[in-house]
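One chain, subunit A, links the two complexes that follow: it is found with subunit B in the first and with subunit C in the second.
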Partner chain A sequence: MMETDKQTVLVIPCSGIGKVHGLISREATYLVTDELAPGQTQTQCLALLVKGDADAVTAVQSHPCITIDGCPKACAQKNVEIAGGTLVKSVRVVDAFKTHRGAEPGSASGLTNDGWTIAREIAEAVTAEVISRIADREVAP
Partner chain B sequence: MTRAILSCTGLDKSLGSLAREVAIRSAEVLGCELVCPVLLHSAPARYEIILANGDLIVIDGCPTRCATKLANQVGAKIDRKVLVTDAVKASGLALEPSLSLGPQGMQLAQRLVDALVRDITAGIGTPEDLASLKAPDDYLIVMQDKYQFRIPAREYAFTENDTWVRIVGERAFVGVSDYIQQKMTDITYVAPPASDDAVEQFGELGTIESAKAVLEIIAPVSGTVVEVNTTLIDHPELLNDDPYGAGWIAVLALTDYTADRELLLDGAAYAAIVQRKAAAEAG
Partner chain C sequence: MSEAMQKVGIISCSGEEIPEGTISRLATRRVLELLRPGATVTLCLPLFLAGNEAERDFARTHPTITVDGCEKQCAKWGTEQHSGPVSAALVVSEILGGPCSACHRSSRESGQAEKEAIWMVAERIAAEVDAVLAQTTPAGMCATASDGEGCACSSPMPGGTITVNGTKVPIAGLPLIFEQCAGQGVPAESSGSHDLLNVVKIYHPIPLDEEPAYQEALLAAYQQFRRDV
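Now for the complex of A and B:
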């Protein structure tokens, strides 16, 4: 089981195998957990969660979770909900493409500049949510 | 037989990142379907046909073996398993702890891919096996006026020069597309390359001729010619009748597919090019 503050936010992407949308969700997650909010966030492997790993289930139940899904199937969101996780925000990569018509994001094995731009936008939106939660906590009585 | 690869998602451990990289690269080289483990769990019907008909390769990152367990949960028959932890130990290479693979990790990934591909293709890919090629079932269709151009949706890669490649193990069938055979009309003469010819990607691989034009066949990949479809010499019409099957032109032993594939197009990208070309000609 991860040793973390209960307020640490878990950022959980979809598995992202085989499609560029999944890779964007994964890279956006790493941008949040490694670069933009490393002290306040961690990630959690979704396959481990769906397999029913007890530590993974406990983790999503005891930490606020933000999911980043590649496609409308929303595997990350659905499986966090099924596991009884505390979902505070869910993001879909496909929605980000609506403001990037004609973008060529790359492939399942690598992102282009367009792909990285979208990944960073998503990461910044997720980070803003994390910071907002921290601010709310600090002003709470 | 369809082959599929189910891999660890590789999210929060470097071994998982390596497993995922090996899976993606192997799927590209072998022309396999990639099976997402979470989607397999959440929507198993999505993969029902693939798993019922095919050989499943499972690649796990660590001894937790999530991918294997998820395959077992849906009753998938596993043909081959790879545990990356063991492979790393056997390699003697140290994997960087970061989740993004560094040069050492990439080197190791390629080594594991090469080993897996060698293992999978052992005993297949002989000229006898390669003497025939079944045309695909699944096509993208490009329409322009009264014309329809078929482009295989999967397993084939293309060049802008209207040639295709289909990888079988470490060898490659090459040929010309439906679009170019229709454009040339009835093909009357084929001058295939010679056996043992070495060709570089985008080099010449023989010619085909019709009443309208002589076309230089552009090699989609680098390699050595190991088999020539000599049937085309007496029956060039096979290129018109079955360009993605019996109309294959040559088989190459690949020399650098990892680099070559960077410059190849998938079916959808090639379809967009055909659409542009056809519209320009019509217009």
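Now for the complex of A and C:
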């Protein structure tokens, strides 16, 4: 991970490869880090964290983390917690589908318009959390 | 699954920080869906590393190939840590001859550089799958997509059909192959038919004496594809 402000929020997806939910988690993360809140957020390789890489572990312990998991197994959330990370919010893609009954989001290889719509909704919710944290920090004495 | 019908597990790092992580992931999917459907499955690395016994047991009892984005080789490390030695360990940046500086992490920005990188890595993975199967599978036996044990991770990609000497011949992933050719500027005219044949031959066995007929049939199908697109 690049040098960051301690307040930079780490957005960490599961990137599960078997289903579309994992791809949505990944693309939602890039929407946040590259488009919606590029100055305030970064992502972190989950596999590197799970491997126990010292820099990755330090990063999740010293930055607020938001995880985006595809399924209820919540691999990203669990691994951030195991690493002693500072988890401020965990999001599940599968929950976002509850308001998109009948959606055809695509596959684990590519998203349809429905898939991108869901990814963007998740990204906007995550960004709102990031902005809220920044606002709290600025108000705090 | 018959013990003789060996499947190969492919585990990609899917590293989120770098474009090579995205390439590792999409190249793995390409092999599962198009290049070697039925002979390969994928394992979810975070789930595997988080301690899922089913995933770890598969890697213990089947040959596995890891596909890492960078030299840190997290997928290889995790697999060997929990399930023993891997059959092959590939690194995207090594296959591509260095970091893919023209590539992006998100598929929203995916372009020609990503397409070519994904194909290059996918073909290398497929070659490793063939090498592993040649070592582990008795002659004449191979896993097929119709053995009833496929999961969502390894479902074959819909293919296309061409007519060769009056016979309809299905070819897995034909639209994607045509898309790749179009992206590489293969012309939809007779001068492009040789290139079409060479690409399809990678994925579909073609008897030498039938190559001219395939060449003609592929060109006709490619011309239709280009018109439709």
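The rule is short, and it goes like this: the second predicted complex is superposed on the first by the 140 of 141 C-alpha atoms of A that agree within 3 Å, B and C clash if a C-alpha of one lies under 4 Å from a C-alpha of the other, contacts with A are read in each partner's own complex, and residues count from 1 in each chain.
Following the convention adopted for this analysis, a residue touches a chain if its C-beta (ideal position, glycine included) is under 8 Å from a C-beta of that chain, and two chains touch if they have at least 3 such contacts.
Every value quoted in this text rests on a predicted model; they were computed, and no experiment measured them.
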item	value
First, second, both or neither for A:Thr43, with subunit B first and subunit C second	both
Which of subunit B and subunit C A:Lys51 touches, first, second, both or neither	both
Touched partner set for A:Ile131, first subunit B, second subunit C, both or neither	neither
When both partners are placed on the shared chain, which of subunit B and subunit C touches more of subunit A	C
Subunit B versus subunit C as contact partner of A:Leu111, first or second or both or neither	second
Overlap of the subunit B and subunit C footprints on subunit A, listed as residue numbers	13-18, 22, 26, 29-30, 34, 43-48, 50-51, 53, 73, 75-76, 78-79, 108-109
Partner subunit B, residues of subunit A touching it in the complex	13-18, 22, 26, 29-30, 34, 43-48, 50-51, 53, 73, 75-76, 78-79, 108-109
Touching residues on subunit A, where the partner in the complex is subunit C	1, 12-19, 22, 26-27, 29-31, 34, 43-48, 50-51, 53, 73, 75-76, 78-79, 108-111, 116
Touch list for subunit C against partner subunit A, complex	12-18, 21-22, 25-26, 28-30, 33, 42, 44-47, 49-50, 52, 72, 74-75, 77-78, 105-108, 151-153
For the subunit B and subunit A complex, residues of the former touching the latter	7-9, 11-13, 16, 20-21, 23-25, 27-28, 34-39, 41-43, 64, 66-67, 69-70, 99-100
